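Structure incoming, see below.
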């Protein structure tokens, strides 16, 4: 299969390449970046030194491929998508531009009109655990947001089964600096970003729209109270979801619900141990992997259930999950290129 | 005033000394530590090098003083308190042993009977913003928990005014490693503790009892859904409190509520700005200070209010607040020894 | 005394303000920053919230003062100095522009001609431990470089006494991110700067010129082999100086040499202990203080002596030392405003 | 091939397993740990969750294998080695006990007599780049020290060619906390170990002996002036080697020397670029990989050459290099199991 990566100079593009470089059935033909055109890939992505001879080309030099990964920013993808689909049969888009099914939602969460609404319905929202069957019949994937993925995988079984109060769902996320992208800005300078616990967007974060769309079951759209926090970490997300059960469930009952949905999943593990340091999901253990670890604790004092989910924002939260979805739409084994199981300590 | 610090080899003892060493009206006569008896203080607390000639004495060598700060662990303080009160007229205890008014609560949260119940009622819970008038008449202070202080100061105005749903109060805290104390254990080793976002006690944390006691107004004891997280930070706490308003309040209304309670407070600042990097409370700015910064954001999408509070767990969360309370019960100026306003960047 | 701080929006300007705000005899009349003119100081320096009502003015609005601190960048200070000296009798310049005595050296280390050579000789190099007597008679101070200060204070006693091989002096420094200044650039983004040990300028670093000038005794200009490294730290420098003794000296002999020069110094401590965690100088203990801790170890295997020096690059390495020098030229007590003795742990 | 890992509960044992679990020709039959016997491996090594069903056995339960990796501590390995060689034909020992060829050296550097001197000469020192041909004929490998590996690979070409002053070799290393091992101790607690630059052993570090042994060419044993520093990092070493050339060599000459020795090496890369952030070796890029990146800069001001080398202390500095050596003595492809090329940013 011949592949191009458009907008390949950022963190997600880099991690896409990382996953694919060592796979024989996968032929990365082109990587584009207007600002880096002519430079070798390892200049921008130093961990790929001596691993590839690829050089960046301009976006205008794009040829025809079997599949295009688009890693251009939000707003740009919707402008270019009509072009990309002429260059490839299959598309995996990593921007937010084709995640929300209702074009009006872009105005609400992103503040501008959608410029390519006719293509929205052709994209499948990119979490395989929710949309695997649709993906098998699709050509276009819209990669899910990193924070959204963590919250959706944490709450999907409960929401699908209708077990929680939909008006009191609190998702409190903690996220590393690589989620801010690879551009220089003052808030992300080391001296300003080290040692922080920063509620940078306490309400109305854009990923809320995705969460509410994907956790909307039985005609009962939930209201997600979402607050992300920057912490002193490069890679990783922990989302702590505080939900209130609408019936009396024991820990055992909840185990059963999660097992029902995830026991066959290759990249979701239920993590909940009685002792040891790592009793619940922790992003520290997942750096570089495509896992989303999910765990929970029943609060004895109330009807609260605490659900924690951890992932690597550049892997299961972006490039890894994109590769997983690409494997599905391309007929590869779903786990191919995603076997790395992490390092510890890190 | 002649003072002794009992159990002075830990982090809270050290920070107490730090505050007091340079104050003429304050005479630290003795610092005790059985394991360090005979050693100079700067051996254990290297930042006090060349700042003090004090040496540790044994607990059994304790004399008589005007005031004793007790920095011994939970469980030990209740065993020793009958002795301490013979050695000093005034006591500031930094353990948890005299925080909860109902002796039964110790069994619930700490798993053992209280061994000195007759003294409980003589202690004032150590947050001056809630108990200043009682403190003025008291001799015994029980220092509040660090996580509890951050949650209580965040929610006190709302709870007192009866503005929030008491069954859906989520407090999601993020805390640095110095809150674990100065003893070596595996979970706090750098290689295991760096780069973590760890939900180490998702429910039933002991500080919940203090929060529910202190936010209990109008006969309406709240249920606090509290989950603390270890993050890669040495000092500092951010508590993000997700509460649901029981009436329709604007941001302006909420400003008024917070101003009513905190505009005259020397150590609580309302932090809420329209732009810049530091728009909300951040512990990064508060290292070494006695401030608790409180800020909020009204969620437009629901009736949620997000209240954030930040503090230094060893200062406003422990030693600083203890000094503040001590100043009150001793007739000193409340801010004395606590004027440090922080360093940035750090 | 009336004071202005020119170029006050960076880290050194901020820390200058921090030291001075709480001092009655010190009246900060103006702080300039063209890009922040009209904004309150606490907007840019959030740790000064509620501590000052000062607003930034434009550089062109500068009036007349007793003393100007200049915190504008290298190259700008030499352009503006003829103006500044019209506005104030005393100048403390924090740039590199008046540190090197020989104008040719600017061409060698900075790559451009000096634009104000006639003023160079009026400036005293800003390390009081070497130039206190000159300072007492001077009006103009050129603040020393942060890395230079750490190396010079480490080696001054040995160089002055002629005890080391001048051709084999290795200074290997490790420095935090705040030394890069407050502007956004890619190399200092958290995701790129966290977890690094980066030899960003293995040879020919500009501070080498200062070190060689100030350690030049007995007509024997040393050759300093200097390599600084960025490490994952916000504030602090540790310089490890590997020197080779030209005569056989015991540890006791070396103690005597260091005591001769530093026993009376308020801000230099000799740190060398037999046991404990903090046996040698560590920047971790010095955050916010004006100390330079110096320690050493005699290598039994060779004639090497390892000298370590630690300081806070924004304090003894910049603003703190500038205040110390200012205190001297203004007739204040040398330690005034610099009494803070640090926090631990941090 | 059937393999056992003895002392498998520490960081090196874990990383050994990580490399080998997914390799068909490799059959890990037993992992021993007296303190964890009966527990599943993933309890101690949480990143191996769902990746292995292995349980720890006691050391006394050891059977017979083709190869034993010994990851027990220094001092223990020499006590047990006579037993291990009865259980396996091939041994890879990760302790320091068989690194030094001269038994007297153990007394000098480790302070005790060697308890199994007759086996020393059968072990090949475990850096393949220096000893590949010997390894091909050997059965026993003694894994090299992590700091020693970084220094030796940095300086080997220069020492072999006789290009440097052997009396003035300074090796200044910076190392992460995972190098201290997985036991709890006070110096490595997060609150004490975060934000440090700590010269924990300025001279006479044990690895000096290995360096001097392995860089001893042409009858000219060098004197290594070695000082390691703890920095705020979990994994990684950067060694900055300051050497003085004994003849006038250009950068081009030095390139040639390094290419002669390393151009064919699969795990040593020469890293030296004209621009970009990552111009020289950095451990940040190497986490989890078996690379040792080596770079250099010629000091124009003197005859100094700065050579930098970076590696992951648990990989090329321990388990990765052990696997590399094991591949050689077992007839596998040298790079097998070591293909991971890292993550960025991390």
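Every chain is named by a letter (A, B, C and D) in the order it is written, and numbering of its residues begins at 1.
Here, a contact is a pair of C-beta atoms (placed from the backbone, for glycine too) under 8 Å apart; a residue touches a chain by one contact, two chains touch by 3 or more.
The structure displayed is predicted, hence computed values, not measured ones.
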Starting from the defined contact criterion, work out which chains touch subunit A and subunit C both, please. B, D
Greatest Cα-centroid separation from subunit B: which chain? D
Note: subunit D sits from subunit B at a C-alpha centroid distance in Å of 45
Please report how many Å separate the Cα centroid of subunit C from that of subunit D, as a whole number. 38
Could you check subunit B for residues that touch two or more other chains and list them? 11, 178, 186, 191, 194-195, 232, 234, 277, 282, 345-346
Along subunit A, where are the residues that touch subunit D in the complex? 11, 14-15, 18, 21-22, 43, 45-51, 178, 234-235, 269, 271, 273, 276-278, 282, 285, 287-288, 339-346
Please give the residue numbers of subunit C that touch subunit D in the complex, ascending. 167-168, 170, 172, 174, 186-187, 191-192, 194-199, 202-204, 208, 223, 225, 227, 229, 231-234, 236, 238, 240, 242, 244, 277, 280, 282-284, 297-302, 304, 306, 308, 310, 345-346
State the interface residues of subunit A toward subunit C in the complex, per the touch definition above. 11, 176-178, 180, 182, 184-186, 188-191, 193-195, 232, 234
